[in-house]
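Next come two complexes, and both contain subunit A; in the first it sits with subunit B, in the second with subunit C.
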Partner chain A sequence: MHKIYKYIIIMFFISMLVGALLPSQYYNDMDMLNRSASVSVNHLFGTDFLGRDIFFRMIRGSYNVGIIGISSILISLLIGGFLALLMSRKKTNWRYVVSGGIDILFVFPKVLVALILVAIFGPSIQIAIISIGIFFIPVFYRVIYLSSRSVWQSDFVASARLSGLSKYQIMFVHIIPNIYHIILAQCTIQFAIAIVSEAGLGYLGLSVDSSEPTWGSMMLDVQNSWFIDPYFAIPVGVAMVLTTFSFIKYSERIKNDNSR
Partner chain B sequence: MFIGSNIKGLMKILIKLLLSILVVMLITFLGIEQLSGDVADIIAGTEGDAQQIRNQMGLNQSVISRFFWWFNAVAQGNFGNSLIFEVPVIDIVNERIVISAPIALFAFLISISLGLLLGIISVVSNNSFWNNIIILMISFPVVWLSLLFIMIFSLSLNILPSGGIGMWQHYLMPCLALGISQAGVFARYVRVGLLEIQNSDFIHFYQVVGFSKVHVLLKYGLPAISGSLLSIIGLQIGFLFTGIVVVEHIFAMPGIGDLLYQAILKRDVFLAGYIVMKSALFIILINSIVDFIAYIITPSLRKGYNA
Partner chain C sequence: MITVDNLSLCINNKQLLKDISFSANKGDIIGVVGYSGSGKTSLLKSIVNIDKKATGKIEYSGKLGFLYQNAKNSIAPNYKIITQVCDGVGKLKLAKKLLGKLGLDDYKKSYVDLISGGQQMRASLAINLHREPNILLLDEPTANLDEKNTQLVVKELLSYAQKTDCILIWVSHDMKLMEKITNKIIHINNGTISEYTDTKRFFKSPSTKQGKDLLQPIPIKKNKNKTGDIITTLKNVALGYNNKPVIKDLSFNVSLGECVGLFGESGIGKSTIFRGIMGQLNPISGTIKKSDNIQMIFQDARGALNPKLTILDIVSEPLGNKYSAEEKKQKVIKILNKVGIDESRIFDKPNQFAGGECQRISIGRAFISNPDLILADEITSALDSYNKNMILKLIYDLQAKFNTAIIFASHDYEAIQSISHKVIKL
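Now for the complex of A and B:
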């Protein structure tokens, strides 16, 4: 049963790759004669209210969503993870400053950050990445802080320190390999959360400009064609739920495999 | 010793609260500054002397002194007038908050009660079906769930209105959509907490003595994790705010989330600033209160707060 999740994740990444290479006429050209068309050979999932092919928009959307997810995870992992690794080493008073600052980040709703950034700079993919990434920093900080604290206390770290390794060398040689599976499981689950968050931001028109589709902005298109054809959101919605579900299940699998 | 460590922890919560308020004020001020652009140029137009207007309005002073000037005005309750509606921002917000408050309250109640129920069931029943249900609930974004509700209940069955305000039917779908998607997250935290604690010694002890597993988990397991669950509830309030902006947009409800959306995109800086500040302060205050309660009911937190 768990194999299905793996295949869905692999399919998502394949569709991301295809989406990256897809020329824009496939997903942006309007077939005016076949607006709001249903399933056919020419349009696999039909067309939306402007006659754009839903299947290709979904593929391109998966690329954009994937980029948003991966980049926001990378940013927050770098910032949050680095701070957590530094702070978990010794009990200094800086810890209170950092964890206090991180707590404030967690309290600030991400839609506020996105709205303010969009009002200043206009909608772009970077805004979605930043506002989701900021929100992920506290998550990674807490997870990595809690898991690396015990590793810093272990004997092999002490012996590494005695043999003259600097704290950054110890970080990369000993700490990170030991908590690697925890970070990987958390990244997998954050990817799922990024997809869900992007749906909200994209629906509000805060994630990409209008030339590119994402899964969230395709939800926005539904509202524009409410009374013509509301059902074209179904393929996107199903894809979104399946992908998110699989990523969460897969992260549970990583956790279980390593805790045994 | 006991009282001393207590006061130290409470002081930390208080200092964090004050610092958070200061940071929120600073962010709001900088946001207003950025959003409004160079006001003097706009007022001066092509003929006026922009430099003179800057002098008059105090715009050539440093950012810090302007911040304190603004801070002083805000502290006296003067938040300015809305640029769109041309009335004091406090009046508009008070008018709109009446619409958002029931959505937030009922969604919150649904998410907590449903989340607690599902979390407990999934641990007690010990099969993956309930766990999958929880993950499925997390996987449904609020947007998609709301659209699905509208498709089913408004467009197909035609029993509920798809948007607007006024009757209780209008609130049914927004509250349910928001509540269910939040409940998944909370249920997961309940589940993870209970799974961790069901292997601890005192749970085993009670089971050996002869209590049933359900009884032990409910009576001794839940109180043991209630501290961490409380801080999750505090965070849920923040998530709820994001959800409310989305839900009000979908269901065309002119509440506070919709107002914020309009205000920021139409660059009504005073209105946006007031809403941002008020909601952020509210969220921070709730979090501090929740931290405080968690601190009181959880003895382990008193030893090493923030650890």
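Now for the complex of A and C:
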């Protein structure tokens, strides 16, 4: 029972896979006779105020949320992580420039970034990925910068330099294996934050266009039909809470396993 | 009174301890001696049995205490020393008295990170003695201490043992100290007790060959001075940081097959010279002509090995991309045999080796690519006298074999003199 978070994470990824393969009529077709219906055999979690199946929308939503989370983490990890690994190597003036830029990025609200991008390009999944990704760059930069700095200064890196390894070789052989668990734990926790961030953006209608459901946009739908059908909030809300909780719990587990 | 019966410890299919049985009475001071990596520390840890992996029966009356070699890690960093000595609520008077006796009066309100290594060990000792243990396990308490601190710690321990009839089980490499203070000796070899007798008898005539080896200091004959080409030249070099020279007007040559000793107290700039030779630091004035093929051995052997890599990867790193994987493996096995590490352990990680073994691996790593010059920075300072002699002999042997130039920096004049051909005093 105490490892239930693992099963929740596995279930999330399974639902992501199913969601990826799900034909659009399952989650977009409107059953006009059964609008705002409650739980039944035809509609496992009922339907929303337009008669769309909530269960399938949640599954498709988990796919969208997962794609947004994974892609934004990949973007920020690549940019922030690479900059951090390079900048932690030596004391150069570039370090101040980059750190200053990262700090400015950090105080820039993600909603503002999303608003600007949506105003220019219109809402799409790419916009959500980029704005959450930009929001995460400073987090990864700081975590990786601080943890890799001490590794760069260690004796085994000094002797690797003497042996003629290039800085990129040293990065992959010595630095990354020693901070790998920190990166992994941070990725896991960022995934949980990405789910919540996406919900925030989706709620404001900044996440994906209206043909695709995400957990955030479903929350927006809840608000529109709040007085007719308040029950609609429960499945999405519970799914979101359980998933974020499980990912945070799992990240703690990674940290504890490696700090022994 | 403590009785240990058939104590065994097996971790990752490796038998660290096997059928250890002994008993001790009140007031006994037992010295545990043996080679590095033979299982001395494992024995102490198994008696406490923190991780519950040891099997066998251990019976004792009273309280156990455990004094770690690394005192800093055994003291919580966020509490004042005095708070920890009396466990927050204990007898404050006794705590103050203990700290006073150990010369820590001025550091009562200090924190562990702010005091020196010797003071940390004394603080750790005060914490242990305040709990008034009946059996005290000591894991090389004096290995990292200088002469003065060693005397203080030993004196306090002995007076406590005499006063309370406490059993001391004392792991150490320092044979002279063991002969002086203990009344029984346990000699551990390969995880088993090879001898458990009176101290006098052990030091008079040990019954096993290993025991005899343990008692004999390793004699080091100086290399015949057959010098080759000049490898590295320093001419009127000034080195320092932010244009403030730490080293001024230093000139010397190093030739192949020669060992140059750099003698000076810590903090005088030995590491700065090395950074200059390695090319990490540009000289303020003067010239450094150096070879490209340089390796370095560090004081902190464990910190010089990447904890995530296997010994095979670590040692083969200087070889570069010239060799195939199989050739690399053969070369690593060859050099590990020379430094006395078993070849079956090449896939182990550094944390599975003892401190002295780590230094051997570092030495093997430095010699494997047959470099022109090896920089040795205080490589024996963190080691006990037994390991120190072994390492010096190893360096001496390998140098004769590979005809390498060595710059050996230390604050230990005896060590420098035993292997270097010329000594530079800073």
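Keep this in mind: the second predicted complex is superposed on the first by the 258 of 260 C-alpha atoms of A that agree within 3 Å, B and C clash if a C-alpha of one lies under 4 Å from a C-alpha of the other, contacts with A are read in each partner's own complex, and residues count from 1 in each chain.
FYI, a contact is a pair of C-beta atoms (placed from the backbone, for glycine too) under 8 Å apart; a residue touches a chain by one contact, two chains touch by 3 or more.
From a predicted model like this one, the values you see are computed outputs, not experimental measurements.
On the shared subunit subunit A, the superposed partners subunit B and subunit C overlap sterically. By the touch criterion defined above, A:192 reaches subunit B but does not reach subunit C.
Of the two partner chains, neither subunit B nor subunit C is touched by A:51. Once chain A of one complex is fitted onto chain A of the other, the partner contacts of A:110 are limited to subunit B, with no touch recorded for subunit C. Judged by the touch definition given at the top, the superposed model places A:164 against subunit C, while subunit B stays out of reach.
Within the superposed three-chain model, A:178 lies in touch with subunit C and out of touch with subunit B [touch as defined at top]. Touching more residues of subunit A than its counterpart among subunit B and subunit C is B. Once the two complexes are overlaid on the shared chain, A:154 sits against subunit C while remaining clear of subunit B.
In the superposed three-chain arrangement, subunit C is struck by just one stretch of subunit B from 205-213, 223-231 or 241-249, namely 205-213. Residues of subunit A touching subunit B in their complex: 95-96, 99-100, 103-104, 106-112, 115-116, 118-120, 192, 195-196, 199-200, 203-204, 216, 219, 222-223, 226, 230-231, 233, 237, 240-241, 244-245, 248-249. Every residue of subunit A that touches subunit C in the complex is listed here, in rising order: 154-156, 158-165, 173-174, 177-178, 180. Within the complex formed with subunit A, the subunit C residues making contact are 278, 280, 294-296, 298, 300, 303-309, 313-314, 317-318, 320, 365-366, 369. Across the complex, subunit A is touched by residues 12, 16, 19-20, 23-24, 27, 31, 34-35, 132, 135-136, 138-144, 147-148, 150-151, 155, 162, 235, 238-239, 241-243, 245-246, 249-250, 260-261, 264-265, 267, 272, 276, 279-280, 283-284, 287, 306 of subunit B.
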